[in-house]
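Labels for the chains are A, B, C and D, by order of writing; each one numbers its residues from 1.
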Amino acid sequence: AVAATKPYVFGLLLVGPYNDKGYSQAHYEGGRYVEKTVPGTKMIYIDKVNPSDRPGVTIVQLVDDMVEKGARLVIANSDDMKDGIREAARKHPNIHFVHVSGDDVLTGKAPSNLVNIFGRMEYGKMMAGFAAALTTKTGKIGYLGPLINEETRRLASAAYLGARYAWEKVIKRNPNDLTFQVTWIGFWFNIPGVTADPSQVAKNFYDSGFDVVISGIDTTEAVMVAKQKVNEGKKVWAIPYDYVGACEGGSSVCLGVPYFNWGPGYASLVKKSMSGHWKPEWIWLGPDWKDINNPATSTVGFMVGDALSQEARKALKDFIAGLASGKVQLFKGPLNFQDGRVFLKKGEVATDRQIWYLPMLLQGMKGASSQAK
Amino acid sequence: MTIALRSIHKHYGDIRANDGIDLVLRPSTVHGILGENGAGKSTLMKILSGYVRKTSGTILVDSEEVDFKNPAEAASHGIGMLYQDPLDFPPLTVLENFMAGQRMKAWPDRSLFRKRLAGLCREMGFDLDPETPVVRLTVGERQQLELARHLAAGRRVLILDEPTTGISSLQKDVLFSALRRLSSGGATVVLVSHKLEDVETLCDEVTVLKKGRVSGSAVRPFSTGALLEMMFGREPAPPLRKGHEPGAQALFLEGVHAHGGRTGLAQCTVKVNRGEVVGLAGLEGSGQDVFLRVAAGLTRPTRGRVHVSRKDMTGRDHHAFKTMGVAFQPAARLEEGLIAGLSVAEHCAILERSSFSLDLDASASLAQERIQSFQVAARPESPVESLSGGNQQRLLLSFLPDDPVLLLLENPTRGLDRESVRWVWERLDAIASNGAAIVFSSSEIDEILMVSDRVLVFFEGRIIHDVRPEDTDALMLGKAIAGRV
Amino acid sequence: MMDGFDMLLVASAVIAGAAPLVMATLGETLTERAGVVNLSLDGTIVLSAMAAFVVASLSGSLLAGFAVSAAVGACVAALVALFSVRLGMSQVAVGFVLTLMTRDLAYFLGSQYARTEGPISGSAPVPVLSGMPVLGQVLFNHSVPVYLSMIMVAFAWWYLYRTSWGLRLRCVGENMEAAYARGIDPDLVRVVYTVAGGALVGLSGAAFSLCTKPGWGQPQGCEGSGWIALALVIFGAWHPVRAALGAYLFAFLQVMSIHFQSWFPDVPAQVFQVAPFPLMIFLLAVSTLVHSEEAKMLAERHPLLRILTRGLAQAPPLSLGKARSRD
Amino acid sequence: MRTVFARMGRPLEMGLKTALAGVAEIAASVLVVVAFTTLVLLVAGAPPLDTFAVLVKGSLGSWSKLSHVIKVWIPLTLASCGLLFTFKAGLWNIGVEGQVMMGAVATTLAMRMGGPSPLAGMVTALALVAGMAGGALWALCAGFLKTKAGVHEIFAGLGLNFVSQGLVLWLIFGPWKQPGIASMSGTETFDERLWIPSIEALNLSPAALGMAVAAVIVTAYLLSSTRLGLYLRAVGGNEKAAVLFGLKPHAVMTAAMLCAGGLAGLAGAFQVSGVYHRLIPAISSGYGYLALLVVLLAYYNVWAAPVVAFFFACLNTGAIQLPMLLSLDSSLSGVIQGSMVIAALAVHSVSTRSRRSRG
């Protein structure tokens, strides 16, 4: 019945190519999931929505176009669409908007028709760090960071906490033997002459004794370089990011990938919008602890890669169980910042806000914490 | 081998550089080609050496007809040419220049060529270091290099276009003896020149060109008068100069050295007074060009001082000189003098520094005045590149300031016919009489003798002679120019 | 913190990282030696990088990838030659337009292959030599294209200064008329070396997408290096070895910028990343200043300065950028 | 194409014959471009006709689209006008890209200092002026590198482009980062009062439009009928002779750079105050480089430049629809623009050659 009437059109603005095997493809497939599971919905999307790929194109302009094409809900999938989508939301008060990874609702800047949604990727990163620490032979883990902000600090720190847990609690090694180095390239992907070249950074990691690199950027250089090094006879591994399929092809070196699964989150929002239960909210969806890789329910997952050893897989299973049951609490005191200031007193558990707005990397991590003063 | 040219024509647009020339070149003779500037000598020789294609006519080599499409074909018939301005590769070394264009292996054995060059140099009495870059060579040495190269390539016909331009008397003697040896060895040597002296000393036969046609020929012994007759049609015009009495000092160069040009400028100390007309004689590029540019503040001296009206102007730029009443006009009209793409009127507009917004009508009428008073065949709106050479020259002269202190003119009458030359000098003379000093260079000895109060003879970047015209004559000057004082 | 810093590693990273830049620089040096400025480098590299990646991943053969990239580079260069040498259009204008166009063409045609699996040319240590103490790691422990780049430097020098073809090439670059008078066809030579140089530039594109920055995407990561190569040719005074040294210097600066980041955490990363570019320009400025009249005069007096000026002096091929007037 | 516009400059030569020749040239170049583009499309496996249709509909199909075309046209035209000055003086001001960015930076700086005061209008106006100044100063750097250090303006310009891009990023992620997270989204959005006033309904800013039109007229006036224009052409035509005519080529070149930088800076200022309402990493939108193409295609003619700019703006805007409707990459527009210029240049030089050979 519903399907017979005019379909409910929702638009998707993707920051990268829809097939980037990374962040944007995850969103694209989330949209497709909605089309499949919510009857009567139709997705229109436009990818590479970023000023360097689409010079002179503004979010507002694209939203206008989507509204002309009948969209009633518009999803913007990237942090950098923050201001544009807010402007568009003000311009189209009776269209619903979703900004992924933003915090306008928290900061109160958001108009009533704008919703923020994000996934608790720190869990995924913890698992990544965990797998890395169990695998590394040299005890040196490299983190390929994009630019420095709350989100990236949060995720890098989460990975570190996961690694440290595996190192100290699982294989009972001396914490001082674990090196966790964060190198920022300065952007989400390589801009020649402006950012550090991720390939160079990854190479440098592997050449100087780091044998596991966790990628925090949108592109897959880490896996590429790892494969190259393995061809050269080195024993090294990499952990990509964002997309469940990111390990494909790199299976020989891929320990696994922490990924987003937007399907369920989007579906619920679309349903709310269709049924008129829309309300401004700030949604931070975590994994479905019953089965973190359940496409129908879990927003954050960790897909194990072929290169991860059997015992490591086992340990990871227990670790995940621990996180699920809450027995394992990693954002829990005592935790200090890089500069020695106290982040969490002994026994204190961080609030969502504390985690979301992490002001500095944690003690024990190496690498810059903040850009300029 | 014998080469016969039959009714050769070469037309550039409406210029007839060669207009039906017949000529026979015999083996083991040195054949001279005489003619004034623009007679068509170089053009004819370039045709013979395959560098330019003739418009019509036939060339017979040993009574077999040939049509050279490019220099390579001429070379394959054993014909080689030394061009008026040396065609070589200045940044490359002597050896590389020697090798270039010769038959050689894919990766040649340099020592072999070095040996061959050394051998030829010994034979000809040249002295060339194979590893010095050619820029550092004198014109004479560059010529010797070219000659050696042609011999190494086994040429049997050698064409030399004004080889004595810019070389020392010593080098000249070396060259001539070498050429004699070659011709006695059975080669055909063609010597192009407009200097009687060279031809008389070296050649067995002479053909004279005039306005693209053969105006006569002769064999040893030559009568100078007859040759002059054939070249100019009449004896050079008598001097029309009225002497000026020198006034205050206008220009004073004090031990000036400077880079630039072919030879640069060395050890130059000269005073020029207002009202004086000073002619700079010398083979093209013997330092006159640098002299004029130093005096105009366009080239900075590396040593020495420059004074204008007793004011030390060393190191100041051209604009400072301009305000002191100095005006300079280059020989290369389109390259340095005029601005291609701009119309005559626009040139005038630049000159009158008035309002910010242009009044093109005003400058057009101004241009019209100049055009009329200097008899330039052009309209105010016609772009300068569309003017004929002579008219470009007239236009340039029309831009001279009204009451200058010092006029510096490089070949001011090049490309003008004799009548226009006369006419121009009457005007310049008037300017001099109003108390301006005029310093000009010219490749025409007659012109220099005709109009100067003083003659400075340049050789290899130095002033080797400073005389009043009445104390000298064409022959003496000619000698001096060739470095023989 | 200095850890993870090891001079040998840096050296070998420089050798490897500079490989594509070296190829492009040598290619453009050849072209400009013949008197033609091929300004289309930057786009050509991207296009050939794309072509190399696509072909290599479809055919599974690295060789095919490199071959195609060379062909692509040659084709673009052929356009430059056609327009500037044959039709006498402004070399700068043609080159610039082609730069932008070829880049977009690469993105357009290559879009569906973006971020897909592709072969990578892994390292192939030279049997015995790679065992050597220091040089082994720095020079003889790389992938084939890197060796190629090193060999090319020597070859280019030998070709330019020791073969008859090289001599002809330099002749045309210095004085087309004189070359013509010696029976060389300047236009032919110009076309040939523009195309040949273009092929080298194309190879550098493949070296990027199949070796130093494996993979294809938008951006690929090689964007901008074409412009650097052009600057390096001048910096290298049109001498293959000097130009190559410039390329290595640039690669060194880029590699170091990764370490600088951890040495000076307060300075934003972008600064180190951008630094090499203005530095190149600065060096250009110095070497042009050294060439100025004033500098020459100074050099006249001080022998020490003269040596310096000789070292840095640059003499562009005299016919560079000029079109030949035929009648 | 070129001859027609070239003749516009010299009406007295505007004969019917040359006009026809010009039209023929345009036709020929368009033909070449269409052929080439079709080929590219077929290679990419796309339906040519639909593609062209999408491009047209996507740019002129609706008012909102047209208004976006105009938003692209304004900065593009401003930058192109600037380039006319440098081209007349014989300079290849490839640094225009960086000049646009620095104009944007200066404007942002001014707006941050000014803030949303009651006289926001004043602040905005001043910010625009600051933008011009910023662009001009940046151009001055390239100018000095050229005149004082003898670095070719192409390389000076390129180096400075990289520097300015780095500077913009550093500002966004460093000193000017948003409260809370530094974001690729750029600096904090300005208060609405600081935006260039625009008519909401039409999504169009008469002020900005006026600015661009004024720029064209002023440029035309300066170049054709003032001493400045004459001097630029003189120096561009023959530097040596210009000296003899009492001009100072370096001074004239610097003036050209200043004009170019100023207008490019204004373009950047508009990007900030009229389009993005903040400083973003890719603030220049590549309009600097695109403007170079515009001027080449317009054959350095003031009146042709805005026309070509509009055409290019349409291509840019229309190309956005390609991925949505035909899942083609938008970079096609760049391909078309490039081949357009190449074709025009080629056809022109061929025709002039054949004309010359005919005598």
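As a convention for this text, contacts are C-beta pairs under 8 Å (C-beta built on N, C-alpha and C of every residue); 3 or more make two chains touch, one makes a residue touch a chain.
Being a predicted model, the structure only gives us computed values, none of them experimental.
Undergrad: Does C-D or B-D have more contacting C-beta pairs?
TA: Most contacts of the two pairs: C-D.
Undergrad: For subunit C and subunit D, let me know how many angstrom lie between their CA-based centres, rounded off.
TA: Subunit C and subunit D have C-alpha centres separated by 29 Å.
Undergrad: Centroid of subunit B to centroid of subunit D, CA atoms only: how many Å?
TA: Each chain reduced to its C-alpha mean, subunit B and subunit D end up 48 Å apart.
Undergrad: Starting from the mean Cα coordinates of subunit B and subunit C, work out the distance between those two points in Å.
TA: Here the centre of subunit C sits 43 Å away from the centre of subunit B.
Undergrad: When the centre of a chain is set as the mean of its C-alpha atoms, what distance in Å lies between subunit A and subunit D?
TA: Measuring from centre to centre gives 38 Å for this pair.
Undergrad: Quick check on subunit D: which residues sit in contact with 2+ other chains?
TA: 162, 165-166, 169-170, 173-174
Undergrad: Two or more other chains touching the same residue: where does that happen in subunit A?
TA: Correct list: 48, 52-53, 186, 191, 193-194, 371-372.
Undergrad: Give me the residue numbers in subunit B that touch at least two other chains, ranges are fine.
TA: Counting only residues that touch two or more other chains, subunit B contributes none.
Undergrad: Every pair of chains that touch: which are they?
TA: Applying the touch rule to all chain pairs gives A-C, A-D, B-C, B-D, C-D.
Undergrad: List the residues on subunit B that touch subunit C in their complex, please.
TA: Residues of subunit B touching subunit C: 12, 49, 51-52, 70-72, 75, 81, 83, 87-92, 96, 99-101, 104-108, 259, 300, 302.
Undergrad: With touch defined as at the start, can you tell me which subunit D residues reach subunit A in the complex?
TA: Contact set of subunit D toward subunit A: 62, 64-65, 68, 71-72, 75, 162, 165-166, 169-170, 173-175, 177, 180-186, 189, 203, 275-278, 280-287, 316, 320-321, 323-324, 330.
Undergrad: Where on subunit C does subunit A make contact in their complex?
TA: Touching subunit A: residues 1, 3-6, 9, 12-13, 17, 111-112, 114-115, 117, 120, 122-123, 212-215, 217-219, 221-225, 254-255, 257-259, 261-262, 265-270, 272-274, 276-277 of subunit C.
Undergrad: Which bits of subunit C are touching subunit D when the two form their complex?
TA: 39, 79, 83, 87-89, 92-94, 96-98, 100-105, 107-109, 111, 218, 224, 227, 230-231, 234, 268, 270-271, 273-274, 277-278, 280-281, 284-285, 288-289, 291-292
Undergrad: List the residues on subunit A that touch subunit D in their complex, please.
TA: These residues of subunit A touch subunit D: 44-48, 50-58, 61-62, 64-65, 68-69, 78-84, 86-87, 103, 107, 147-151, 186-188, 191, 193-194, 357, 371-372.
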